[in-house]
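First subunit A sits with subunit B, and in the next complex the same chain sits with subunit C.
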Partner chain A sequence: MITPRYHREIPQRYRLEAGKCQKCGEVSFPPRLVCPNCKSQEFETVRLNDEGKLLTYTIIRVASDKFFGTTPFAVGIVELNDGVKLTTQIADVDFDQLKIGQKVKLVFRKIQDEGKSGLHCYGYKAVLV
Partner chain B sequence: MVGIVGYGSYLPRYRIKVEDIAKQWGADPEAIKRGLMLYEKTVPGQDEDTITISVEAARYALQRARINPQEIGAVYIGSESHPYAVKPSATVLIDAVGIGPDVHVASFEFACKAGTEAMYVAYSLVKAGEMKYAMGIGADTSQGAPGDALEYSASAGGAAFIMGNENVVAEILFTHSYTSDTPDFWRREHEFYPRHAGRFTGEPAYFKHIVNAGKALLEKSKMKPSDFKHAVFHMPNGKFPQMAGRQLGFTKEQLEAGWIIPWMGNTYSGSSPTGLTAILDVANPGDLIFMVSFGSGAGSDGFIFKVTDKIKDVQDKAVKLRDMLDNNKIYLDYGQYAKYRGKIILNV
Partner chain C sequence: MRDVAVIGVGMTQFGELWGKSIKDIFVEAALKAIKSAGVDHIDSMYVGSMSSGLFVGQEHLGAVLVDYLGQNPIPATRVESACASGGAAFRAAYFEVASGASEIVLAGGVEKMTDGADVTDALATAADQEYEVYQGVTFPGLYAMIANAHMHQYKTTREQLAAIAVKNHANGANNPNAQFRNLVTLEQVMSSTLVADPLRLLDCSPVSDGGAAVILCSMDIAKKFTDTIVKVKGTAQASDTIALHSRKSLTTLNSVVSAAQKVYKMADVTPKDINFAEVHDCFTIAEAVVYEDLGFCEKGCGGPAAEEGRTAIEGKTPINTSGGLKSKGHPVGASGIAQIIELYEQLTGQAGKRQVKNAHIGLAQNMGGTGASCVINILEAV
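Showing the complex of A and B:
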């Protein structure tokens, strides 16, 4: 994750800022330029609810080099209470406790490091409620 | 009236027991538990650091304060484990919780009292009328060298306090700081672990500074120890705060609510601040709270708080410290702990 991209994605990764179509109310996360529902280009910025439920998950046991030493870890698709679905790591979890439909909450965590001297990159992860 | 309008704390879920550390080094766990009055400590997850801990504590503080984050004029984070040597931790925090960009931020460092420094400056700026609200945070993922006595206690956690003058839940009545050049503990540039001067960290450092700051605070306020419902002191181990309290004239009962060290460890800059949140979680209107921090190097910051009737409106607005301390623990063995704390050299 290079610095400009990380900086550009801060509103979404830190604050869950989404785009709500002012014409039809469709919420897009991350925000879009054109509404996929009604093709409108008028959006307002809204912050998503940080609670939801786990739709599905998997356990990553062989990861890319950047995540070496952190395996195994869980990744899931979460549906937030306002209907938006997102993919995220599930932190602090005993894998035996994971069940589809469980309530989760998004918390602020470090996602990855850019090597030993690069940026710490932060964002959201889910934890079981 | 200036004081705390919102507070929050955060502890990681991971723990390691004294037995598991002692077993690794061939030490007697019972002697260590008896000597330090410490049974287990918090350990940060691999994805947790001073910034993530501060963000979670700040979010809980905002839930209790119920204010517009944009009205916060300053954010200070005190820690000796800031993730960056150059880039203030609060730059990340303000964007995560929606403060600023019209805000003053800084990273503070003064061993274990950096958190109360942040609280003191935040309080002073509001008192001076420079801003409506200011946030002071103490948080650490403290380091203890493998095999060193500090490894049994160095833990992770933090607390955040929003200072203001409306809807105050704990008024700050008096403050006092006491500082001297006392080289009891330090970490040189580029060194991974701190060094300390063994027993020298006790009498001429911890006790001298806490007791003198405490005595000055009592003199300044014209109060006596029996006036206070609660007292909290920096908690490097279980024994020191009890001894310091006795020297100043406080009873074990007065320390009970904030004495969280036996199951949390020493969260360094977050130590007495997290103890204060444990007290605020159970405090009643009118309670007086006596607090003195300690940071090696060395210095102490003292505060006297008076709890207001607003406290009952906010206590249940966010998770309480004891709930995080007592529930949902995930225990690590020493191998997992060494991996989580980056003590293993990886070939990447």
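Showing the complex of A and C:
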């Protein structure tokens, strides 16, 4: 991931900034230019609710080269309390504790080391509440 | 639009073809298709390829392949819709003939996956790079999350998913072009290495090299070339959110539901009229979900259907008689065309030990990513 691309995503990865449609109220994460629900193009920036529940999950045993050495790790789809859904790693978890419907909370973590320079890339991960 | 026929097909062996380049593989399949159709020229061609750029560092694939096929200066275009690239190339060729713009068009697909690229990373580009892949999720991981949700919602069992792999290997054993012609048992599937829980190695389609091509022409001239005419009865394509997490349901693929509605309408058929189908079983769970979303059974019955033998060659609706992506192999861009080839062979009675009795109408369902794109074609023996 080259630097401009990483930098551009910082509001989402560090601060969970989303776009709330001014017409229908749907929250899009990441923000979009067109509301997928009503096609409106007017948004206000909001911060996501950082708590929610696990809709599904898996344990990645074979990863791409970027994540070599970090397997096995858990990944899930989380539905936050404001209705937004996202894909995230689930950190600090004993895999036996994972189950659908579990309450989780998003925390700030290192996600990967990028490319030859080994640049640390950060973002959100879920932890069990 | 006028009626379109498929009059010839050709494919390479699917597998680890270390001695052959992407050019060799495509040209071999295309020459076989041209010879099979008995045409002396083609007016145009479309090639499906998911990621020749990442797999072999080659873009501009239409130009590369038409050159090596010795067909300059006809137009040649690469079509990309991830794993549905082959199906999308077939649709493009169909429209070019149906519109009357061309008489004879080649639709092909090719992928060369064993030249040393990071295959897991390349395949993951079919998902949302920033909001799925960044987190470390892989394609097996995404389908594993669908599997977990499906097992939770519909009580689908591990054994039912394994039954899909067992059936597809049994079919592929009788396909001379299949990558894996060995039988596997339920126990072998369920004890194979975990890739992304609950999916194991034998739930996953393999990494493959391979090419496939078919020749389409107008119905008006098809009779000049062959007596065994296969008509394109319907074609449809649909889209869904790129990220799996954005969907209302994690266990229904809306692009499949939507494309199925459209293609059944165009072909004027219902699921009951389909005698057999090739579906996109990149993972065992995908076959179960697609079987449901095509309307072959109620939601949640995709697992039991395989377990009870309803999708076997002698069952009510045979699914993946070719061996599917699972056993035949999944050279991504070629898979959609190889599905059409299986339909052609079944509809013309050339499927040998895999032959389905009374095969008049067949369906091919090809999808990209976790179903963000889906192409469905229906072919009929006339």
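Here, the second predicted complex is superposed on the first by the 126 of 129 C-alpha atoms of A that agree within 3 Å, B and C clash if a C-alpha of one lies under 4 Å from a C-alpha of the other, contacts with A are read in each partner's own complex, and residues count from 1 in each chain.
Following the convention adopted for this analysis, a contact is a pair of C-beta atoms (placed from the backbone, for glycine too) under 8 Å apart; a residue touches a chain by one contact, two chains touch by 3 or more.
Quick caveat: nothing in here was measured; it's all calculated off a predicted structure.
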item: Subunit C versus subunit B on the shared subunit A, clash or fit after superposition; value: fit
item: Partner chain in contact with A:91 - subunit B first, subunit C second, else both or neither; value: first
item: Contacts of A:53 with subunit B and subunit C, given as first, second, both or neither; value: neither
item: Partner chain(s) touched by A:61 [first = subunit B, second = subunit C, both, neither]; value: second
item: First, second, both or neither for A:105, with subunit B first and subunit C second; value: neither
item: Touching partner for A:9 - first (subunit B), second (subunit C), both, neither; value: second
item: Which superposed partner A:120 touches (first subunit B, second subunit C, both, neither); value: first
item: Subunit B or subunit C, by number of subunit A residues touched; value: C
item: Partner chain in contact with A:70 - subunit B first, subunit C second, else both or neither; value: both
item: Partner chain in contact with A:32 - subunit B first, subunit C second, else both or neither; value: neither
item: Subunit B versus subunit C - smallest C-alpha distance in the overlay, whole Å; value: 12
item: Shared subunit A contacts, counted only where both subunit B and subunit C touch the same residue; value: 65, 70, 89, 111
item: Contact footprint of subunit A on subunit C as seen in their complex; value: 118, 120-121, 124, 130-138, 140-141, 144-146, 148-149, 152, 193-199, 241, 243-246, 250
item: Residues on subunit A engaged by subunit B in the complex (per definition of touch); value: 10, 14-15, 65, 68-70, 89, 91-92, 94, 107-111, 120, 122, 125
item: Subunit C-facing residues of subunit A, complex; value: 1, 9, 30, 36, 55-67, 70, 73, 75-77, 85-89, 95, 100, 111-112, 121, 123
item: Contact footprint of subunit A on subunit B as seen in their complex; value: 12-14, 45-49, 51-52, 55-56, 59, 83-84, 92, 95-96, 98, 330, 339, 346, 348
